[in-house]
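Have a look at these structures, which come just after this line.
Across the two complexes that follow, subunit A remains constant while its partner is subunit B and subsequently subunit C.
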Partner chain A sequence: MITTSKQAYLFFSTSLLLLTALTILFWGQLAEDWKTYQQAYLFQTNQPGQPAVQQIIPRLGPDGQPTPDASPELCLTCHMGLAEISPSHPVESFGCVICHRGTGLALDKEQAHAGLLPNPSDLAVAAESCGQDNCHGGYADPTRNHVDQVTRSLQATYAGGIAMIRYTFGVQKDLAASFGVVGGVDPNPLSDTVSSLTAYQPQQDALPMETQFAQNCLTGGCHLTTPPIEAPYFYRSTGCAACHVLYNNDGLYTGADPTIARDEPGHAATHQFTTAIPYTQCNHCHNRGNYSLRTMTFTPRPDLPPAGPPLSEMMPTEGRRLVEYYQPIGQFTLCEWELDCADCHTQAEVMGDGHFWPDQKTMQYIQCRTCHGTLTEPPTTVEITDAEDPALRLARLNDHYSLGMGDVVISTARGEKMGSVQLRGEQLVQFSQVDGQEYVVPPVMGSDCQQQPDEQESRYCHQCHAYQR
Partner chain B sequence: MSFPTSPYPRKVRLWRKNKSFIYNLHPPQIPASSARFTYTFGLGGIAVLTAVLTTLTGLLLMFYYEPTLQGAHASLVLIDSVVYLGHFTRALHYWSAQVMVVAVILHIARIIFTAGYRPPRDVNWLIGLGLLVITLMWDFSGYVLCYDSDTIWALLVGTNLLKELPGVGHTLYLLVVGDQALGPSAILRFYTWHVFGLTLLGLGGIGYHIWRIRVDGGISRPVPTSGASRQFVPRETLFFRELITVLIVTGGLVLLSTLAPPPLGPPATLNRVGSDVVLAPWFFLAIQQLLRYVPPLWAGWIIPLAGLAFLALLPLLDRRGPGRGYWFAPERWRPQAAFGGLLLVIIVLSLLEWLR
Partner chain C sequence: MSKNQDIVISVMPTKDNFENGPTQANTLTRRRFLIALGNLSLLGALWSVARGSIRMLTPPVSRIPSPIIVAGPPDAFEAGRLTPLEQGPVFIGRDQAGLFALSAVCTHLGCTLVADDEGPTCPCHGSHFSTDGANLSGPAPQPLPHLALAINDDGLLEVNLSQIVAPDLRIGDN
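So, the complex of A and B:
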């Protein structure tokens, strides 16, 4: 049929077009993104093997079986090497989609990430992810509805700060809290909590200071609902992950997921939740600098990076944590910088108890005497007798101390049990929640202490026991 | 005793050119003017080729597609992600269908600009118009089977337009949707129409359309003038041209399917209808734009049907006279100008809607 050279040229050139198209197709098939990621992971971890689709069918049904509507998820095909979020959220049971949404069956990035919640614990969406029924919400026991509680906590509302600023500038007549970064209603307020907060939004005729305060201080940097300052030592997440997902000071990822750039700041250190929260994590927000009421701006600490010299150049070998912990503005006792913040500041204090507390001073109740007692009274201790005690749940989530039925622990003024401070024989022992180190807690009773019975606040203890900072 | 010598070689020959199906679809000799590539641009052939490609890839997709509310979108994600070459198969299905619509529209334009609708090809012209409608329905039903947040709109608006027909509207809606509102039965019905009803009508119609070309005396050509010698080309020549067209179109489609996979949005949720941007499939954008200005009965039925009626009446309005077989013959400027105007209005309305 091909009779002339022109026809032959036409035939071969058009055949070449088809062949080229098919070659591109199969070449693309070989170089699919997920295969590239897996090859990178296998190479990095020096593992043999060929790329293969990784499938999970979440098993959240009775007896650890998949529910009838369970759908396969292929997320780990690309995110191979991603650490399991926590032992209490095993990936083979939970999968990824129940928290992160997105399209579990897709391998194309755009399709897979359609509707994705990069941080399911962000308070804007946490009620539908972490806080969904039978997870961390929907229980009759309010102590298990963590998302509700956190959303009402001072870490989320900043109610006291807002009231203080408004009062300082004469916008309100007293220090009563009526606004929060997040608003809401508490149907069962306590005598010293408020029944509702209105979401703070300065009106159009507000003082310039109010607008500046809302723009500069409430939209970024601190508070659980707002993104962090994008700078070394400030990197963190939002919502639950702001505390429970650890960030390196440089904001770099150190896990094994090949899809996450290791040289791009702003990522969590690894994809892991923890209740062993070190002071460094708290310091991504706290003790990082000062606020100017005149300009409504934040000034980072001059003695620490990024404003100051690198940490290695100015940190003393001894007492480094004291220097790194706090700004040079006061006095602190040994336990305040030897322990980690989470060792003393309890779950209810930090994550809230479901009530709208008006300010930190009213809400915070851990004092020196909680663990050390007074000259006339030993610290209050209580035996764990209920298998459903929240203190037991907390202990199960932390590898650094154990707690069982019959153990005797500190009970706070509000009856919250501090499971990591336990009576061992005749001594009270504090177990570090971050590294498990044991500290004997010396009692005041029987010591040389000369404190007055009506002088129990920490500032009185600081007079003798403080280190200058 | 000896057997008579067979005239055929003893070897079994599986393929002989002169016994092949496609070869014998062509008449032995074709008038040179009809077979000229720049006369037809192979548009009818491209439409047939893309219909075949769409059908074959559709057959493959049927092994995985699940026509249920819960399964439709998920099965497409599965096809895209897990099935070997699934994303390519779906992309080729999609692009073949789009090219088919374009080819059919351009084919119709070619017929009008060369007066190919004149007798004795007037009946085949009407069949061709029927195939245009089937092609659009075929494509539309496939579009909504994606069942993502974009296509749910097309399904909602398209089916609601049925209700606008006076008298029979509600019955027609029940017939197409299978319920008082969009639900599981709607997707099953659209699927059945897509893979069976419209495919049967489409492929059957194409077969009849091609057969009618032979019956009506081949592809249109100028009326022979007395004394002029008539030139013919052998079917091998036409066959070769078709082969080259197939190679180019198939190569282009493979390339397009590899480099530009069709979109698939998040799964549709019927209770979220009303919160997303609405965009009809591209070939219905003009109707969507019209819906902004005129009542649905006019935009969705009367105006489109009037346009179709105009095309159907063309063989009656322009039956004979000079100009047949020539592109843009000035003797027949009226039907060409009318069609050109219609096409321009459709394009402008579509662009206005697309650029909104």
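So, the complex of A and C:
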């Protein structure tokens, strides 16, 4: 019973305090971030509707196996409009957590992102996400264990570059590769590959140049394991996504996820994985400058932005390719700038084949004659007769060419099938893996070519077929 | 006015208080005012608690859908082909022995299958199945499960997604 003003004050203050606390809680609910994001998405896409929690129940469990008891995920409540990563990873089946981890049932950002892997394909964590058993790892067929293979590829180890630098400065007596950015053991090395690499770490008494090399060249800008130079034209991701997730030159996101800032560089163009990799993606690392052995620093090309003036937006694609494709000193033929890098450089060349190759020169094996043949021999072709052929799998992942049983394709010197170069009637036809454009591949046999049988490297072909910029 | 005396606030000027001045019965003392505000705050707090409790009982997420799918009348499904259902990942097939329901979820990584003349195919990783669900090629490790099919009281086919049956089980049209 309230009988005095003091009691009334106390009662009033307590009630008011309680109301204030609950009001804050109530307004906190009203102003939840996910509602703000959804309203922004609905406004941007001019869609009617009210914010609502978006729930998916994926068909795969944490072990990557289909299960009826997978945990619901609410991630798309905030990330509404996020593009599906690829047709091979439909969100209705995979969900988000199987790759990205985090807490799928949380709607609060901090809780949802606890333990999150922003880039599950980063080689530091890829074995637990992309490379987990039943996904891209754990198979008896090593060619399907992509994370293992990429980790051993030159793109990740940079073994040849490390050996060359150490040899140049007298730290080792020959060019034999024994160190890599990433180390490891290959139990079944080939005659041209090395059985193991040691993770490169300059000793305390190392030459100053070794320390500079490790700091400037191995920890930023190059190799799949390291983040890029944070500047326009250099933006990219790491790990598998370094190649398969495309970045705009300005590093800005152009997708529809309202949680990703549109004015903050360093994001992928969209949340999509692709095998149709244009040369512009390769150029985020390659052909963009030179390295000084004296200072152990990288100098961007002066004829290209960001060091040089920006290329005109009006410049036709062909002209842009001619400027961007190779360093000014480089020589190249018509097909070397008409096509994209991925049209010739095969999966085994770029992503590795599970072996530690000592350097780029030893590893690269695609030559002009792979597709054009020689004066005395046509290019090697082979018919697709196995429904499980990896070439069929690669073709299915790429929307720009099709391949079926009975098709005849190029076979490389190491027996790798190039499914995008197919025999059509009497002609070999190359399908661009980026836009599907068709190119007839002229054979050397029967032409006026005057090549010597033992001169098959591209430098010999460039003597007559170099394209003038 | 003494220090402890309540402040007397005159309310609406009735004829009585206009003529006789404010009285205890129709005046709002500071104590009454605070008690009224306190009551109001308490009511607001109770309302917030009640609202939160009720909301907790009805979370804004969709519920797990029923495993029972009504597929339609039996005669809607032709012999010799697998008909995908819009209501869920199921194919309804008909052969000489009768009708059957086949899961349209790939046994590899759970993608929804599409059916062509030669049987279900996975658009994700290319697994191919026969029209009775056997895994023929691709990475799918197991055949497609056959699902329980029944005719309900309305004479419509019903598929139970949660009940797997023997692959040779068929039902008639009635």
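Definition applied: the second predicted complex is superposed on the first by the 435 of 469 C-alpha atoms of A that agree within 3 Å, B and C clash if a C-alpha of one lies under 4 Å from a C-alpha of the other, contacts with A are read in each partner's own complex, and residues count from 1 in each chain.
Going forward, contacts are C-beta pairs under 8 Å (C-beta built on N, C-alpha and C of every residue); 3 or more make two chains touch, one makes a residue touch a chain.
Keep in mind that this is a model prediction, so the values were computed, not measured.
Chemist: Tell me which partner A:R393 touches in the superposition: subunit B (first), subunit C (second), both or neither.
Modeler: A:R393 contacts subunit C only, not subunit B.
Chemist: Return first, second, both or neither, reflecting whether A:P58 touches subunit B, subunit C, both chains, or no partner chain.
Modeler: In the superposed model, A:P58 contacts subunit C only, not subunit B.
Chemist: For A:F11, select first, second, both or neither according to whether it touches subunit B, subunit C, the two together, or no partner.
Modeler: Both partners, subunit B and subunit C.
Chemist: Which of the two partners, first being subunit B and second being subunit C, lies in contact with A:P90: first, second, both, or neither?
Modeler: A:P90 sits against subunit C, while subunit B stays out of touch.
Chemist: Determine, under the contact definition given at the top, whether A:Q463 touches first (subunit B), second (subunit C), both, or neither.
Modeler: A:Q463 sits against neither subunit B nor subunit C.
Chemist: Tell me which partner A:P68 touches in the superposition: subunit B (first), subunit C (second), both or neither.
Modeler: second
Chemist: Between subunit B (first) and subunit C (second), which does A:L25 come into contact with in this model arrangement: first, second, both, or neither?
Modeler: both
Chemist: Based on the superposed arrangement, let me know which partner A:S196 touches: subunit B (first), subunit C (second), both, or neither?
Modeler: neither
Chemist: Quick one: classify A:S292 as touching subunit B (first), subunit C (second), both or neither.
Modeler: neither
Chemist: Counting residues of subunit A touched by each partner, does subunit B or subunit C come out ahead?
Modeler: C
Chemist: Enumerate the residues of subunit A that count as touching subunit B in its complex and touching subunit C in the other.
Modeler: Touching subunit B and subunit C on subunit A: residues 2, 11, 14-15, 18, 22, 25, 53, 74.
Chemist: Using the touch definition from the top, list the residues of subunit A that touch subunit C in their complex.
Modeler: Residue list for subunit A touching subunit C: 2, 4-5, 8-9, 11-12, 14-16, 18-19, 22-23, 25-26, 52-53, 55, 57-60, 64, 66, 68, 72, 74, 87-90, 92-94, 134, 387-388, 392-393, 396.
Chemist: Note which residues of subunit A are touching subunit B in the complex, please.
Modeler: Residues 1-2, 7, 10-11, 14-15, 17-18, 20-22, 24-25, 28-29, 53, 69, 71, 74, 103, 105-108, 111-112, 114-115.
Chemist: Subunit A touches which residues of subunit B in the complex?
Modeler: Touch list, subunit B to subunit A: 17, 70, 74, 77-78, 80-82, 85, 87-88, 236, 239-240, 243-244, 247-248, 250-252, 254-255, 257-259, 261, 264-267.
Chemist: Where on subunit C does subunit A make contact in their complex?
Modeler: Of all residues in subunit C, those touching subunit A are 4, 6, 30-31, 34-35, 37-42, 44-45, 48-49, 51-52, 59-62, 64, 105-107, 109-112, 123-126, 128, 137-138, 162.
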